[in-house]
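Following: one structure in structure tokens, then a few remarks.
Chain nomenclature is as follows: A, B and C, assigned in order of appearance, with residue numbering initiated at 1 for each chain independently.
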Amino acid sequence: MIKRKIDKKEMNYRYQNRSWERFKRHKLALAGLVFLIVMSLLALLAPWIAPYDPNEVAGGFSKAPSLQFIFGTDQVGRDVFSRLLHGTRISLLVGLAATAVSTVIGVILGLISGYFGGWVDMVIMRFTDMVMSFPYILLVLVSAAIFGPGLLNIILILGFVDWPGVARLVRGNVLAIRENNFIKADLVAGLPGKYILFSEILPNTIAPILIYATSVVAISILDEAALSFLGMGIQPPQASLGNMLNGAQSLSVLTSKPWLWIPTGSLIVLLVISINFIGDALRDAFDPSGN
Amino acid sequence: MYKYIIKRILIAIPVIIGITIIDFIIMNLAGNPLEMIQGARVSQEALEVKRVVLGLDKPIYIQYVIWLKELLRGNLGYSIRSYQSVSQMIRSSIGPTLLLMGASLVVSLIIAVPAGIYSAVHQYSKGDYTIVTLSFLGTSIPGFFLALIFIYIFTVKLNWLPSSGMSTLGTETSIVDIIKHMVMPVMVLSASLAGTNIRYIRSAMLEILQKDYLRTARAKGIGRFRVIYKHGFRNALISVVTVIGMHITLLFGSTIIIEQVFSWPGLGLMTMNAIINRDYPVIMGVCLITAIVVLLTNLITDILYAWIDPTIQFK
Amino acid sequence: MLEKRDGRDDGVEESEVCMEQKEPLLEVKGLKKYYPIKDGIITHTIGHITAVDGVDFKLYPGETLGLVGESGCGKSTIGRQIVALENPSEGEILYKGRPIRRMAKDETKEMKRNIQMIFQDPYSSLNPRKTVFEILSYPMLYHKICSEREAPKEVERLLDLVGLSKNMAGRYPHEFSGGQRQRIGIARALSLRPELIICDEPVSALDVSIQAQILNLLKNLQKEFGFTYLFIGHGLDAVHYISDRIAVMYLGKFMETGQAQELFENPGHPYTVALCNASPIPDPKVRDRNRRILTDEIPSNVDIPAGCRFHPRCFCSTEHCKFHEPSLLSVNESGTHMAACPIMNPLQRQEETEACISI
């Protein structure tokens, strides 16, 4: 790679500026971004700002919210607010890490498939079809049953199941970009394949990958919640937003202890909707046809 | 056209074979598929004899062929827990699930099509913003959480709707009773589906509304309603068909979870029980059947898509 | 620094005189390109699209050969095969006497540096995510034309050469107009100091006012550095303006080749006549010209008409033309002007056709 002699920062700024202008028009996305940043900070700092240890029995069983426990305590007397902070930490971690895993796999397979074409493309795409045919949640549940629940396993399982969408997206983009004359000019000049692939094609697929990845983060957070809710995900006592809702399956919690499930559920909704709003605004901001 | 269909089917065959291989491998990770086929009532003494009879001493690819042969005969194996045949179990529980899925699909389209079109036609209006925001809410809310909210409101507080099962115990099964039981699960399932579909239909319609032929139609003086429905919606329909194909998989996934919450006696509940009991023959049987169903659905939507869209060439 | 090549300072004149003695830079022999049409449940080839159907020509150093014809006649396919973006179905392409598809690795690299291409669409020919500096510098560094330290200076010089301001190096493609982008595309082709530049309809996507600027730029660069051009175009005017020699192509074959001026003034093929007549004459007083303009659709290149492939659209075709495919024959005594039409050929003119060629 060549080192830039010209002030790259300024140039990039000019390019990104247009996108930022368009992003800013989405008020809900801005609100989502602010909320997400605040929640990420709270989650990151959870060990220091949480009033109690999330696994410590701090008060009476299932106490309603009070000044001492602002979201009350759960069935074994742990502080719900502290568990929420730690649960957010786990949920965001699972969302981001699973997305990272699936994006890496998807990008590699998609690049190979689109760039080389031929039988390599055939094999990869048919394999993608196969994985996509298995109902997603079922595959995750079965894998969780076979490999056992737990943080690392959940991340890996979600990551390994989510890649086909990314792979298809990248492949489609590579096929479209490959038709551009600037790639042909590279081929005419005999430039090496790895330059064409990584320096010419890949940067042009970053925006769609990023947009897609935001939706994968949202889906992964939802999936982790569903899995943990069913008891197949993050195992107690470690708090996750999903397994905190597990208790709400009992009718007494549902009917008479709303502080045990309404704040947690609402937090999941807010996190996921923020990410989805951001993804939508990004799509608009990077849309080449937009104005 | 016929050529296209046959070709599309031929492409699906290696995928189906691949699916069976993946299924077989996962079963090998979990235990032994051939033993699962035979059922678990194996006497200790006959174990060694059994091994040979089942072909467990043979190399793995021959084991796969034996398993595949059984599969083609409709033998998906036997449950480790209940000793029932898996195909029998699937047959008896797939009905309620299909009922739930079908109803949700229809309801979600009934919501999404008018909402999406309204949103596109009145782009940037208050109504549009409301619909789009609600659609985001629909896709962002975990199904089980929405289910809990519904149960809290409609069962606990208002006592309008039953929250579990498919019919009230001890009463005679009536259609009204089943519908009453269906209302909440269908509402939950169609919420997320409608959320996605609204945005899809909206953007498809927006794209079409900007096309020159629609401007021409409007310029000719054809009424607004006819322009939108005759020229616009027909073309938007094409994109809807593809979405439905894609969403069958997702819908099936959420059905598994929602059946659990509402104790709906379908495939999802059965699968979840099997997963909790580590009843692998049942799990993998369901996996295999659903994967093949999904593949066939995709095949059908592809063909439908080609049939609706005259610009697709059958190559 | 792009250096002027030795003994090329007095340029074009010399090359015209010595053309016959010089080694051709590029030689194309019996070039054919078919694209299979596939169909059936188990895909098999059911026919071919004939893009190029047997073409021979030589390209001498310092000259410009113009390839002209309607869209779909295979002219761009020839260009793409020379730069190895496509493989010929049959025939050979020789660069300095050596076949381009059978070269050693380092020889290929050197050849790829020496043959560059300018593309038709200036919008897709520049990576939107890269600055002009990045676009121009990497190929030069890869081919070791300049060091990393010299790159900024070299890029500035290239921009200067193609008539862009030096401080544009830091800009992104979307900040330029179509004509400016085409200049950057030309700069990229120049940057590797090639011998041969394939110009694939470089002006067809541009405004008329800018077309002339780009053509003049190409001409001036040739004068200065002695490039050899293969200029592909569909308007005879632009091709005539820039070319020393012209080859007229129709459905994958050459119909007529010759010195630009002579071919233009004294066309030897009815198709050339029609192409000449197709360009508008910017003089309102000239009316009622006896123009022979092609009106019919170009036949499909899946099944090419038997006999002379132009006969269904020809204004002077005879019964003979339907069955006998003519080959290129000399039209003038010196043999520099060839045409594939025995009927219009003054050297073997037949009485019955006299009337139809009086234009």
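Observations
The working rule: a contact is a pair of C-beta atoms (placed from the backbone, for glycine too) under 8 Å apart; a residue touches a chain by one contact, two chains touch by 3 or more.
Fair warning: this is a prediction, and the values are worked out from it, not measured in the lab.
Between chain A and chain B, the least number of touch steps comes to 1.
When chain centres are taken as C-alpha averages, the shortest distance to the whole-protein C-alpha average belongs to A.
By number of C-beta pairs in contact, chains A-B lead all other pairings. Ranked by separation of Cα centres from chain C, the top chain is B. Each chain gets one centre point, the mean of its Cα atoms, and the points for chain A and chain B are 23 Å apart. With centres taken as mean Cα positions, chain C sits 51 Å from chain A. Between the Cα centres of chain B and chain C there is a gap of 56 Å. Per the touch definition, chain A reaches chain B in the complex via residues 28, 126-127, 129-139, 141-142, 145-146, 218, 222, 225-226, 229-232, 245, 248-249, 251, 254-255, 258, 261, 265, 268-269, 272-273, 276-277, 280. Residues 83-85, 108-109, 112-113, 115-117, 119-121, 124-131, 133-135, 137-139, 141-143, 148, 151-152, 169-172, 185, 188, 192 of chain C touch chain A in their complex. On the chain B side of its complex with chain A, the touching residues are 14-15, 18-19, 22, 26, 29-30, 133, 136-137, 139-145, 148-149, 151-152, 156, 249-250, 252-254, 256-257, 260-261, 271-272, 275-276, 278, 283-284, 286-287, 290-292, 294-295, 298.
Residue ranges of chain A in contact with chain C, taken from their complex: 2-7, 10-11, 14-15, 179-182, 184-192, 195, 199-200, 203-204.
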